[in-house]
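Note that chain A is present in both complexes that follow, paired respectively with chain B and with chain C.
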Partner chain A sequence: MTLLSLVVSGLALGSIYALIGVSLVIISKATDVVNFGQGEMAMFGAFLTLTLLRQTDMPLWLAVLATLPIGFLLGALVQLIVVRPIENAPALNVLISTLGLFFVFNSAAGIVWGFDPHPFPSLFELAPITVGGVAVTPASLGIIAVALSVMFALYLFFEKTRWGTAMRAASMNRTAARMMGIRVEHVAVAAWGLAGGLSVISAVLIAPLTFLDQQMMVSIILKGFAGAILGGFSSLPGSVIGCLILGVAETLFGAYVSTSMKDSFAFVLIILVLLLRPSGVFVTNRAKKV
Partner chain B sequence: MDKRILDIAAIAAALVAPVFFGPYGHYIMCMATIYAMVSLSLNVLVSEAGLISIGHAGFWAVGAYGSAVLVERVGVPFEVSVVAAAGLAGLVGVVVGLPALRVRGHYLAIATLGFSLVLVHVLYEWDGLTGGRQGMFVQRPSLFGWSLAEDRQAYYLCLAIFGLLVLLVRNFRRSLGGLSINALRQSELAAQCCGIDLAASRLFAFAFSAALTGASGALYGAVLGQLSTDSFTLVVSLSFLTMAVVGGMSSVWGAVLGGLFLAGAPEGLRAFEKWQMLIYGVLLIVFIRVLPKGLASLPERLAPLIGGRR
Partner chain C sequence: MSPALRVRDLSVYFGGLKAVDGVGFSVEPGVVCGLIGPNGAGKTTLLNCLTRITRPTSGSIEAFGRDVLRLPIHAITRIGMMRTFQNLELFGDLTTLDNIAMGCAHRFRTGLLSELLALPSARRAREAAYGEAEAMLVELGLAEHRDRRVSDLSFGTRKNVELARALCSRPKLMLMDEPAAGLNGAESAELGRRIRRFATERGITVLLVEHDMPLVMSACDKIVVVVQGRKIAEGKPEEIRRNPEVIDAYLGEG
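Here is the complex of A and B:
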């Protein structure tokens, strides 16, 4: 494999991480919760999509589009049922509840769909083709394209729509936003829903490559965290770029250094970033005085 | 005063209990005590320091493999290896916590999550030291050359060490370090204004918690008699957290109840093996919502309903 084709597949991997990373950041910004169950909710949503696909004769592209409402519903329901009742409890309690979510979705998927990997149909061709002398798989290009268009839509949503503006306002200062007439509770539901949609897309994109199984998202959510921390957990564009860098760096590391220690790479990166620049590479440090 | 009577009764019950059970019961009791140590360490971390770890199975593994390797490969006596394992786990805790504790709380959770995943991976790959996929056999615990071949004997050793750790934790709570960490949890700003070093205090609390878990891990390996990386997965870390939440995190009673829960639940839920993790997850969510201080707080919650006093 040449360097360029490695970079392309790294970018594809990074796009998957970015979708998860962004969903974590959206929730964290809107509700101050770090949702450790996000990856499992994504996996659960992907299983729901697969069931939809098997039960109906729906074309694949439609099913992939359907992941968005499925994920939104999943996220919004979780917010309303699990997170809403304890929103005034200490942050730690909410975090523990999201770990409960991890357990619930992880094992519920195992109970309903079994513990074996399921093949998942791919929107894009998996066999490599040659573009300008570089061997790439259409799947990689497709993943990058989907992720980029989702990110662009997200940008438009946050910058150009009333809802997006409301969400940004609520994440900056909840009290002030409430006084301006923004329904902060609705923003929280919307944020969880949006994050749910994004993460299910990422699960559906990766599933054809890794097979869909109950444990598939455990390492991916860690990478999403790592990428988001690398770019700055408080910044959406920063976390996307961080995830893309992580994807490429990890692929190169796997190809040139060691395949078996590839998964550990992300963790070492987390430690290094936290040690050297805890607010992320792309976020200017705002020191807090005591 | 009546609280002390309750404590003494509990100690007496723990000492007498093996009489009523067979060998398998003794094994479960060993495990309950070992889990209770982990629960105790999470008490320190969560309820004293207000921090959280999703990777305590990692420190447990450091303790278990550390002690086993020292005993099997180096020939260190068991009682020394337990102390060494605790020290080693504490040291690893410093390395994991050092970067994360300088920033906000949830970074520690992420760092510990990553750490435990990587550690298990390393242990699995490092065939020569840990036996990799096959795992490794571990000698029975021994005390000054006496092998504690039966689980009943091992139980008393576990109990003694648990008692020791309880004393340590109680002293820590009353020490300057314990008070600082408590103050930091309630208000970082106010505590720092009083001259408390945020990073150092938290790091110490985290390393202390990791060390307690390491000691527990050393006993776990010895009582089980064999180690494999399957015992230290993410699910185990989360089960630890479930146990701490269900038992209650603000008292030693909570730790004991938590240990009994985690050792007993697989027996009680044997028919629902597939459902076990789901039940743990639901318990976590429900307890945090309904009874955030765990089973240990049940009496004080029920008291107004029954007696109407206070």
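Here is the complex of A and C:
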């Protein structure tokens, strides 16, 4: 494979990471929770989508579109039922609870749908084609296109709509947001819902390539974390770029250095970033105001 | 007609410390009322009770006949109460315009779904909110800072942004926590005239917590004095100025 086709498949992989990474950042900014269960919720949502496909004659593109409301509902319910009651608990308790979410969704998926991998239909052709002398798979290009469109829609939402602005405001200063009449608890539900939608899309995009099983998202959420930390974890564009860089770097590392060491690469990268630039590669350090 | 604000026998204890101790007073609509006292007298704690940030140990608070202590914090703006903060509580990474527009968030509400689907109702609400924010931006002389992040602005300008945001909520009762801190004499005098105009032109009732005595004496219709959590005097500025207890406890020390 040429360098360029490696870069394209790296970007596709990075796009998958980015959807998860951005979900983690949205939740963390809105509710100060790091949700270790996000990947498993995404996997669970992908199973729900697969069930929807099997039970109805719904065309695939419609089912993929349906992942958004499915994921939103899943995220919003988890916020209301699990996270809301413990929102004033010490941070460690909340952290352990999100680890609990990981195991609950992981096991529930196994119990309901079994532990064997399920084939998942792909919106895009998986066999490589040649574009201008470079071998790429339409699936890679499709994943990149879908992820980029979703990110652009997300940008429009946060920058151009009043709900988006209110959500950003609430993440900056909750007291002031409440004083302005913003229901901060509604913002929390919306953030978890939005993150749920993005994560399920990510799972549905990767499922045709890896097959859908209950372990599918375990390594992906870790990579999403790694990419988001690379980008500073607090900035959405930074997290996207961090995840894309991670996807490409990892793919190149796998091709040119060692396939078996590929997964460790991401974690070496996290440790290096945390040691050398804890605020991320793209965030310019601003003096904290007192 | 019920007063704009009625505080009855309000106490806040932090452990053994009586931050506010049985304070009661009322403010009629359209009146500018000063709340003064030395540092640590409990003035900010009192404001925090009024805006539901701190829960009082006992006592009652009514605004326009409504029991404030039964309202959640996000609802107090709906009954017409708004405040500015001593140390400013702005949305640092938002622009000046976005900050001001948040002030009227509660008046032009839209559902999340209607915004996600970009329905016309969401667009109209946005245009209405930003229309008012733009007007307020010009009125308070902030036009040149419209698209800058507020955390990049000077302290004085940020104070002005916070005031604009508060006014954008169309408050009937405005609580101001040391608005003159950090201002020079001329700016403080201008602030005083501005507060008078809030009362006369917009009919806003103002509760003004302030250390700047010339400002308090010129802007206020009445003054409440608290020392160590207790109210020691209440009256017109000239009465307060002559009150021996006040002079002794507070004014005299400077």
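Here, the second predicted complex is superposed on the first by the 285 of 290 C-alpha atoms of A that agree within 3 Å, B and C clash if a C-alpha of one lies under 4 Å from a C-alpha of the other, contacts with A are read in each partner's own complex, and residues count from 1 in each chain.
Just so it is clear, a contact is a pair of C-beta atoms (placed from the backbone, for glycine too) under 8 Å apart; a residue touches a chain by one contact, two chains touch by 3 or more.
The model shown is predicted, which means the values in this text are computed figures rather than measured ones.
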(message) Applying the document's definition of touch, where does A:D263 land relative to chain B and chain C: first, second, both, or neither?
(response) first
(request) Check whether chain B or chain C contacts more residues of chain A in the superposed model. (result) B
(message) Looking at A:T210, would you say it contacts chain B, chain C, both, or neither? Reply first, second, both or neither.
(response) neither
(message) One more residue to check, A:I96. First (chain B), second (chain C), both or neither?
(response) first
(request) Pick one for A:I229: touches chain B only (first), chain C only (second), both, or neither. (result) first
(message) On the A-aligned overlay, A:N106 touches which partner chain: chain B = first, chain C = second, or both, or neither?
(response) first
(message) Applying the document's contact rule, which stretches of chain C touch chain A when the two form their complex?
(response) 51, 53, 73-78, 82-83, 85, 89-94, 98-99, 101-103, 105-106, 108, 110, 112, 115-116, 122, 125-126, 129, 151, 165, 169
(request) Using the touch definition up top, name the residues of chain A that touch chain B in the complex. (result) 34, 36, 82, 85-86, 89-93, 95-97, 99-104, 106-108, 110-111, 218-219, 222, 225-226, 229, 260-261, 263-264, 266-268, 270-272, 274-275, 278-279, 290
(message) For a test of understanding, state which residues of chain B touch chain A in their complex under the given definition.
(response) 46, 50, 52, 54, 96, 98-100, 102-103, 105-107, 109-111, 113-115, 117-118, 121-122, 125, 189, 192-193, 234, 238, 241-242, 245, 274-278, 280-285, 288-289, 292
(message) Using the touch definition from the top, list the residues of chain A that touch chain C in their complex.
(response) 157, 161-166, 168-169, 172-173, 175-184, 186, 190, 289
